[in-house]
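For reference, the structure I am asking about is given below.
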Amino acid sequence: MDLFVSFERKMATKSIIGLWLTAVIVAAFAFPTVPNPASWHEFPIVPGLEEKARIIFFHVPMAWTTVLAFIVSMIYGIRYLAKKNMDDDLKSASSAGLGLIFCILATVTGSLWAKFSWGSFWNWDPRETSIFVLLLVYGAYFALRSALEVEEKRASLSAVYAIIAGATVPFFIFVIPRIISSLHPDPIVNSRGKIEMNGSMLTVFLCSLAGFTALYFWMFNLRIRAGRLENKQHSIGE
Amino acid sequence: MPELIFQAKDLTKTFSRRRIFSGISFVLGKSDSLAITGKNGSGKTTLLKILAGVLSPSRGSTEILSDGSRIKDADRFLYLGLVSPYLQLYDEFTAWENLDIFRKVRDSRVPESRLDALLERVRLSDRKGDPVRTYSSGMKQRLKYAFALIHDPPVLLLDEPASNLDREGISTVYGIIEEQKKKGIVIIATNDAEDLKYSNRIIDLDLLKAGGAS
Amino acid sequence: MNVRAAITIFSKDIRSELRTRYALNALIMFVITTLSVILFAIGNESVSPEVLSGVLWIIIFFSTMSGLSRTFVSEEERGTVLTLQLVARPVEVYCGKLLFNLVLLFALNTFTVALYLIFVTSFSVSSYSIFITTLVLGTLGLASASTIIAAIISKANTKGTLYPVLSFPILLPLLLTVINATKMAADGAALSEAAGEFQVLASYLVVITAVSYLLFEHVWKD
């Protein structure tokens, strides 16, 4: 991932991402919601949510990014086990750190959304439970890392744990529907309709998705470069 | 015994960015005995563990060739025996039970009768029915030799061979070393100058480090 | 892999346990104590079978956390890891210890369930076929996941507290499913209705065991 090398390219990337996300945030909040959207910059009104529906522009991209970060962490974990190159462990841990941040953000925004939609911050509904489990996995991952002093062991074991988590967490996709179907019929769950998006909403949404993904990659790259410098510093100090 | 070669190529070990040793290479054949010396902490035990296959080197490799063909890494433990102060046995079991467990796990083709012969060799026959936790450190050391020899390995790795032993124990052990040298390879990690007399090859880890390891 | 080796490691662990009884006594007392606390807490209240299904598996989960790490942690604490590394292939160690944990957990859960059915009067099982199947599949999955995590934490510093922290997210799909199936068993659902749950448990078991089998060597070897 040595994509961004020269100073000019670094500045360019930083600026593009910054401007992009600023535009997304502005559009997310500034575009008005009207009953019958006619012009290109108008959003439809979402029954029950109205203005608060704007949270979708942030919550879903954050949730997506935390999943992406986990997958990247797992992939670099696998590479470490195959080649025992410490750089892969650095990448795995860096991605996991970002994943944790985005997961906290996703959990908080998701909780806000729940509050807007159904009046309570936490319901243990499928998606809330899933994001919470991911938070637990990240927490466990870092708890494990901090309990291991030897670098090589820390790298191997956290890679193994990430892979095990990656293998078992998807089971939620199968487990949750069965749990839900056997719950008492719950009006809150049933009225959790999708937010109908029109063209302009969809555009802003997708731009936000792309923006957050780019933000993740940029921060990932930054953390790796910082980590490598730190490693060099330690080696020189020896 | 088939023609045996034990080979080390460019062994390097780094722990948490501290270089322990590097560039260690040698080739040993039947009747060769190698002594590894160096002060405490110089990496003798680490090197021995790498040669025993229980620790991976950061770079480099070790190989055992039997009649020219390379033994698979996963099977190497069948060709090696290790004695070390770090080796522990199950002290709730008797000496005989310990040896029997390890016999069955490692290579069950070894007959039960071998265990009594081994205990006889290390002079523990009279205590074979006692739990190992009742043993003195010298007795435990001798039992470790029995453990290392159950499967009659061609390569014997000894970390501080005479530790905890009285005079009788030491002479038993050197008897074992001489026998082993005739049939195979002995590698000793030691600080004891006496042990060096038993070896025809020496690696001094302190000298290697001072000389600027390659 | 030499099956005899795995079996010998398994029987070594069993014999050691029977000889010293370190874990068994503590585990039995743990189950009794936890159940007593719960009975005191419930008192004369009537608690729904749904909640009681969950409580049963809470007891099982925590007794698993109390007992199943011992097989690896004791080797680390006594310094016999090196010894095992010298005589056995990693896969033989894994299979032997998995088998040990399996037997231990089956015994423990049988004890727990028996006590639970006797003393928690508001909880009764209407569909034993669902209940037994759930217990069997749940115990298998629980033992398998707990074994690989036990191997991992045995190499770390704060083993005791780390064990449930690492295990819980991994086990959550299994726990949710077995609790759900136990509810069905308490309600008296038909066996076929729980088929989905059993499918999830069976596939979870296969996945976690396969992944553990493939990754164990990276945990065990240095």
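Letters A, B and C mark the chains as written, and numbering starts fresh at 1 in each.
Basically, contacts are C-beta pairs under 8 Å (C-beta built on N, C-alpha and C of every residue); 3 or more make two chains touch, one makes a residue touch a chain.
Everything numeric in this text was worked out from a predicted model, so none of it was measured.
Chain contacts here are complete: no pair of chains fails to touch. Seen from the C-alpha centroid of subunit B, the farthest chain centroid is that of A.
The chain closest to the protein's centre is C, with centres computed as averages of CA atoms. Of all chain pairs, the one linked by the largest number of contacting C-beta pairs is A-C. Spacing of subunit A relative to subunit B, judged by their CA centroids, is 51 angstrom. With centres taken as mean Cα positions, subunit C sits 32 Å from subunit A. Inter-chain spacing, taken between the CA centroids of subunit B and subunit C, is 38 Å. In subunit C, the residues touching two or more other chains are 222. Of all residues in subunit A, those touching 2 or more other chains are 149, 152, listed in ascending order. Residue numbers of subunit B whose C-beta contacts span two or more other chains: 56. In the complex of the two chains, the subunit A residues touching subunit C come out as 81, 133, 136-137, 139-140, 143-144, 147-149, 152-153, 156-157, 159-161, 163-165, 167-169, 171-172, 174-176, 178-179, 182.
Remark: subunit C residues 2, 4-5, 8-9, 12, 15-16, 19-20, 78-80, 82-89, 92, 221-222 touch subunit B in the complex. Listed in rising order, the residues of subunit C touching subunit A in the complex are 145, 148-149, 152-153, 155-158, 162, 165-166, 168-174, 176-177, 180, 183-184, 196-197, 200, 203-204, 207-208, 211-212, 215, 218-219, 222. Residue ranges of subunit B in contact with subunit C, taken from their complex: 49, 52, 54-56, 74, 77, 80, 82, 84, 86-93, 101-102, 104-106, 108, 147. Within the complex formed with subunit A, the subunit B residues making contact are 15-18, 56.
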